[in-house]
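Here it is, the structure, as structure tokens.
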Amino acid sequence: MPGIRKNEKIRYRAAGPFFIIQLVKPENLNALEGEDYIYLGELLELADKDPNVYFTVLQSSGRFFSSGADFKGIAKAQGDSSVEYASETSKWLSNFVARNVYVTDAFIKHSKVLICCLNGPAIGMSAALVALCDIVYSMNDKVYLLYPFANLGLVTEGGTTVSLPLKFGINTAYEHLMFNKPFKYDTLCESGFISKNFNMPSPSSETFNTAVLDELRSKVEGLYLPSCLGMKKLLQSNHIDSLNKINSMEVNESLKYWVDGEPLRRFSQLGSKQRKHRL
Amino acid sequence: MPGIRKNEKIRYRAAGPFFIIQLVKPENLNALEGEDYIYLGELLELADKDPNVYFTVLQSSGRFFSSGADFKGIAKAQGDSSVEYASETSKWLSNFVARNVYVTDAFIKHSKVLICCLNGPAIGMSAALVALCDIVYSMNDKVYLLYPFANLGLVTEGGTTVSLPLKFGINTAYEHLMFNKPFKYDTLCESGFISKNFNMPSPSSETFNTAVLDELRSKVEGLYLPSCLGMKKLLQSNHIDSLNKINSMEVNESLKYWVDGEPLRRFSQLGSKQRKHRL
Amino acid sequence: MPGIRKNEKIRYRAAGPFFIIQLVKPENLNALEGEDYIYLGELLELADKDPNVYFTVLQSSGRFFSSGADFKGIAKAQGDSSVEYASETSKWLSNFVARNVYVTDAFIKHSKVLICCLNGPAIGMSAALVALCDIVYSMNDKVYLLYPFANLGLVTEGGTTVSLPLKFGINTAYEHLMFNKPFKYDTLCESGFISKNFNMPSPSSETFNTAVLDELRSKVEGLYLPSCLGMKKLLQSNHIDSLNKINSMEVNESLKYWVDGEPLRRFSQLGSKQRKHRL
Amino acid sequence: MPGIRKNEKIRYRAAGPFFIIQLVKPENLNALEGEDYIYLGELLELADKDPNVYFTVLQSSGRFFSSGADFKGIAKAQGDSSVEYASETSKWLSNFVARNVYVTDAFIKHSKVLICCLNGPAIGMSAALVALCDIVYSMNDKVYLLYPFANLGLVTEGGTTVSLPLKFGINTAYEHLMFNKPFKYDTLCESGFISKNFNMPSPSSETFNTAVLDELRSKVEGLYLPSCLGMKKLLQSNHIDSLNKINSMEVNESLKYWVDGEPLRRFSQLGSKQRKHRL
Amino acid sequence: MPGIRKNEKIRYRAAGPFFIIQLVKPENLNALEGEDYIYLGELLELADKDPNVYFTVLQSSGRFFSSGADFKGIAKAQGDSSVEYASETSKWLSNFVARNVYVTDAFIKHSKVLICCLNGPAIGMSAALVALCDIVYSMNDKVYLLYPFANLGLVTEGGTTVSLPLKFGINTAYEHLMFNKPFKYDTLCESGFISKNFNMPSPSSETFNTAVLDELRSKVEGLYLPSCLGMKKLLQSNHIDSLNKINSMEVNESLKYWVDGEPLRRFSQLGSKQRKHRL
Amino acid sequence: MPGIRKNEKIRYRAAGPFFIIQLVKPENLNALEGEDYIYLGELLELADKDPNVYFTVLQSSGRFFSSGADFKGIAKAQGDSSVEYASETSKWLSNFVARNVYVTDAFIKHSKVLICCLNGPAIGMSAALVALCDIVYSMNDKVYLLYPFANLGLVTEGGTTVSLPLKFGINTAYEHLMFNKPFKYDTLCESGFISKNFNMPSPSSETFNTAVLDELRSKVEGLYLPSCLGMKKLLQSNHIDSLNKINSMEVNESLKYWVDGEPLRRFSQLGSKQRKHRL
């Protein structure tokens, strides 16, 4: 696997039919900057091209799966005086639209089966990517997904306009999106979003990751793996058009909000603890 | 809010970001005539145009949310000798198709978040409109929805062809529609159709309405409400085409049944207590 | 063919595999009132149910195919004090939406091959129905289609939102719809909208109708006619969803304009010769 | 009902508004060969054409609903030297693609309400057909559905690419399809796939079949049955395009696997007990 | 290019970025049997997999491009007593549905740019495949396409339900399909179906084939050929769903006609010169 | 119209119901850099919000409408050492994907009628935007559109995957896209892409712009302009989903080519005259 740079927050490795991507910045709750999301997309492309890979497995570490977009990254985009933008539109196109449309697309069109090992909460764009995975396992009942768009002055992103109603039902999606409510374990479980809960205590994300991988290895034994990719290709055809459509609609709708300035104001309140995520 | 006439069965008022529409004819179980459904649609248009409104809240009063189309209205359409229709087709176009295609459209394309306070059972077209709401809260576990199309010689109307399978699952929709079974509280709850049950005793619809509104007020605190409308616009794009398509298909399919006369026969049996809704 | 009333402007008869519907009010340029459009829809249903019919043939008489909605009918709807409507919305639902959604649907879902013998100009809703026919023959190069929606304060109706771009190309549809330009013979011909021009002098619509029917008879000789219906069913599946969707969207969009009053004002200017169709 | 041959594994009869199709080869777990699936499709056509039929009821007998495609049939296709095929592609087109595209289509477009009496497990193509039924009743909690495509070197067939995500949720469908896991009673029940469990002991499939039919008879009493077919027609329009699309995609994707030989190898391991279905 | 058998009517070779498939049975007007159509599909798969191929070029020889399905093949299917079919449905599934669904799919999903060198008339299924090509060049103005479904007791096949209205306009498609009229050079040209006419005298198909290939070689000079495949992939996404849907619908609709026996009767009249193609 | 910066290559003004946007850099053939395309999008938003605007009119100046993306801008993106990108993906996301997805979206969802005054050739992204206009008038027969994606190592962009087949036919789109052929006046005219040719000599773009505007003024006289916007809204619903879907697909597909480096190589050959556009 040549030609991809390193990233200190995200590691990857191949293990038989599994391509493993791990978030490894637990001290920062695996918050990700724009470049990190792009890096995730590039890793998915790498997995896509590798003929030995049948399953792409997302793992994290520590207490959170990922706390979402790093406020520092957003502040940097805002304050960076080395780059001059012709307009607010230009700035947010470069700093928001570009990466979102890319990483969402990478998840939407990924040709391998996407498996998420949900060790803890996921927020925002990271939670959106979890909702684009095909299969999700949870470490315990403390996991949740939070899409704080209404709290941050944004709109649905990362395909959540389509994925959340599909996976949780329309009314449930509305209740949680409009009022900024986390999707807690019970909802994740009853809806079938989580296929299995490993029921492990919280400080053991490595044990959890290993347990999932062990179980996956035994699950695929004797199976004809090309069948899995053939079925993924067919299943993908169900929603690919809706997801591609919404990807363009979401980023272009969001842009207006970034240009108006509300998300930035609210992100900095969040950074300075004046505003909190509601849980 | 100028230019809209009064209606003795339906009241409305604005309260901050909420536009509240209330059915106020409990002594008649809030049965609605054709004109009342049209009035509902006109109120939705009013809410649509008001830039201060973000949520349209449907409330009712008394024991039932709404017992559906008023038989007396239908009998009037039938017996009214002041209007002469060129044919049965003309009559039912004016008295059924016209209002149904309009009120369904008003709900389908409404740009504000639609919230229903379900204080009791809803039947027929009224139940169809409940199923077009984005969020539903129930007063207690005695609520149900009944779509008695098979019992009345009709077919799915008010977008239920699309909304019921989407919100309850295909097989569940078939079982209830084909055999005229009410969707009872358990099904409403497990499917996520109801987001929260307020668990209040039955004679207290006003208390319930107030409690919901209070909770909504606290839920939207601190949120950026334009985000809610942005997300609604995106979410709406998921099913708007299917709903528009089915709106035309449903009314035109129903027309044949009205012209053949079966619904009228069965409605009058219902009026004279020869036929009952099955619960 | 039992159970259908007579109509003095429209005649019908079966002739072997052909079901012939003829507009017979040349002295009035075959202008049609709401009830006449409904009658057309009822005739299509009759043709649909007749197992001996494979082709439904629309003919007219005199100089015009049909000059569209009769202004007198519209004025009647407006002035009729015998019927009291609860609101402008109610009135126009009964008088406009109802019939349009019905007759458009009847054309959209007709199961027999629809053939139009275009003896002269067609305007408005009548021209919309011509555009829903599968095959069109013209009497001579004086025929044209005019969709005067922008001149009358209306919007596209009768499925023209879909049918005109499909049959004439998008840019051509825009140019003609926005600026109220007639689709003249050359455009009808070059686009393939007209399959054959019979090139007969104008006062001979009967000769033209006979010539088309003779030619049709010889064309179907030796063919297996059930194949024609099988192909129609398949071909219909291409656009049925788009047409159903737009049928509901068009009537509900138009309704706003009727309620605002502009079409009525402009129709009466037309009636009093203050306003003209542009040709 | 003239013109249809007999089949020793499948019986049918009409009973009022019910057309009953029963699998009657319990000693073979109701395994079906290619010809039997075609026969099922032909019976559906028979039910379709009968104007007295409103419901098509699938029953089975013994311990299993159907253990799927009979390995002996597949071996026969392989070993049959009386037929010479120009290529592997030709052989599998005749022996697999042809029947699958047909029987799936017969279920997809069936105009009567499809009811399945699930007396026991169903596997493979037979389980795919169960998932295309509109309503399913179970005999007890020992029923399950198994789609062993990954184990047999195949891909989703019989419309399961569409039906399973629709009826069980996307993530649940992935987990079960990729890892060859049976959909057990709990999942069937919670998802609403099964409308009612009759909770009868296992050796009593006849009692179960009778009980379902009795209950159906009482359920339809007083209903206007043409309404049921009208609603089916409308409901069918929701997914007919997706199902038709996937029917062609599935059989053509599967063909590659048959030509490559993996399914045959694995079916013969299954026949010789070297390979087992995983439960 | 290993593993594909020879076929005496069809040759293939690679020539730089071009994969050339040639019909070489001019003495039989390049009529094709079922197996030959399957062979065509297999060649397309071969071209698909070859990374050096960017364009798949269809050529023929002699006076006709292809006169369509060989009657002798169909008669063989009918008369072949060595194969016993369980029913008429089984027979026609094996002999018609199977090959049609396959070869149509091979053309629909082909990933290389499909170019047809139309040296003369094409009829039936062969003409359907021409209509699925991306680019068509004609030898002279004597070429035509004939879809004699109405004359043969069949319905649209090979995706023509979708391709003909798309490429010729809806009304033109209806006129030609319903009345079994050939699409003559003028229509092919004016609609843009043919991109260039080489205007060569008829007995020179080899010269024509060479001229096209020479021109193609000079056209692609300097181009970045992966861009061509990227654009094909994007363009293909426009209609792939409609084509997949119609592929399944067409073969299953056709089946009824084969089972009823009309096509066979008419094909044998054609074979015995009692019936003619109409030109 | 507050809050929008100036741009030396693009001017705008309102004139009654017309919002006029003019390219005013004829000495540079109106080549546009990334920021200029963004500016175009911002102007469309301005026009969108202005309630007095019904038509957005694009004009240019000099010999060319626009020669497309300015090579100098692309070189700058490449050579700019002040901005450091984490990867090639990041760079091209910021410099290509971001602006393309935005400006394409602005044209796709524009709510006013889009009119293009085509004074001369348009190339690349600029030509893509012309193809998204609703109505096009040409100055004379020297205009052409060139989409040199195959020559530049790119793929279809700016919605051309959808717009070109829709407006020119599929085979014509393939022939021109694959072989980098300009769409010349004859094709533009016969396809109906151009609604009217003003037939003016080349050095007179100002005269042409004035003539078009004068004619537009007289064309809209007496029309009810809200009808135009109502019809645009309906017409837009025909293809908005396809265009949104393709917008995301195109930019993400293109990205791969930018990252691989081929477009940059070819753009610099173009800049240094080693490579030419083919006309």
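Descriptive notes on the structure:
For reference, chains read A, B, C, D, E and F in written order, and residue numbers begin at 1 within each chain.
By our rule, a residue touches a chain if its C-beta (ideal position, glycine included) is under 8 Å from a C-beta of that chain, and two chains touch if they have at least 3 such contacts.
None of the values given here were measured: they were computed from a predicted structure.
Rotation angle for the C-alpha superposition of subunit E on subunit F: 120 degrees, rounded in steps of 5. Taking the CA centroid of subunit A as reference, the farthest chain centroid is that of C.
Mean C-alpha positions place subunit B and subunit E at a centre distance of 53 Å.
As a whole-number value, the distance joining the C-alpha centres of subunit B and subunit C reads 34 Å. One finds 46 Å separating the Cα centroids of subunit C and subunit D.
With touch defined as above, residues shared between interfaces to two or more other chains in subunit E number as follows: 190-191, 241, 245-246, 249.
Here subunit E touches subunit D in the complex through residues 5, 35, 38-39, 41-42, 82-83, 86-87, 89-90, 93-94, 97-99, 101-102, 105, 109, 241, 244-249, 251-252, 255, going by the rule given at the top. Within the complex, the subunit B residues that touch subunit A are 113, 133-136, 166-167, 190-196, 219-220, 222-228, 230-235, 237-239. Of all residues in subunit B, those touching subunit D in their complex are 149-156, 161-162, 165, 168-175, 177-180, 187, 190-191, 242, 245-246, 249-250, 253, 257, 262, 266, 275.
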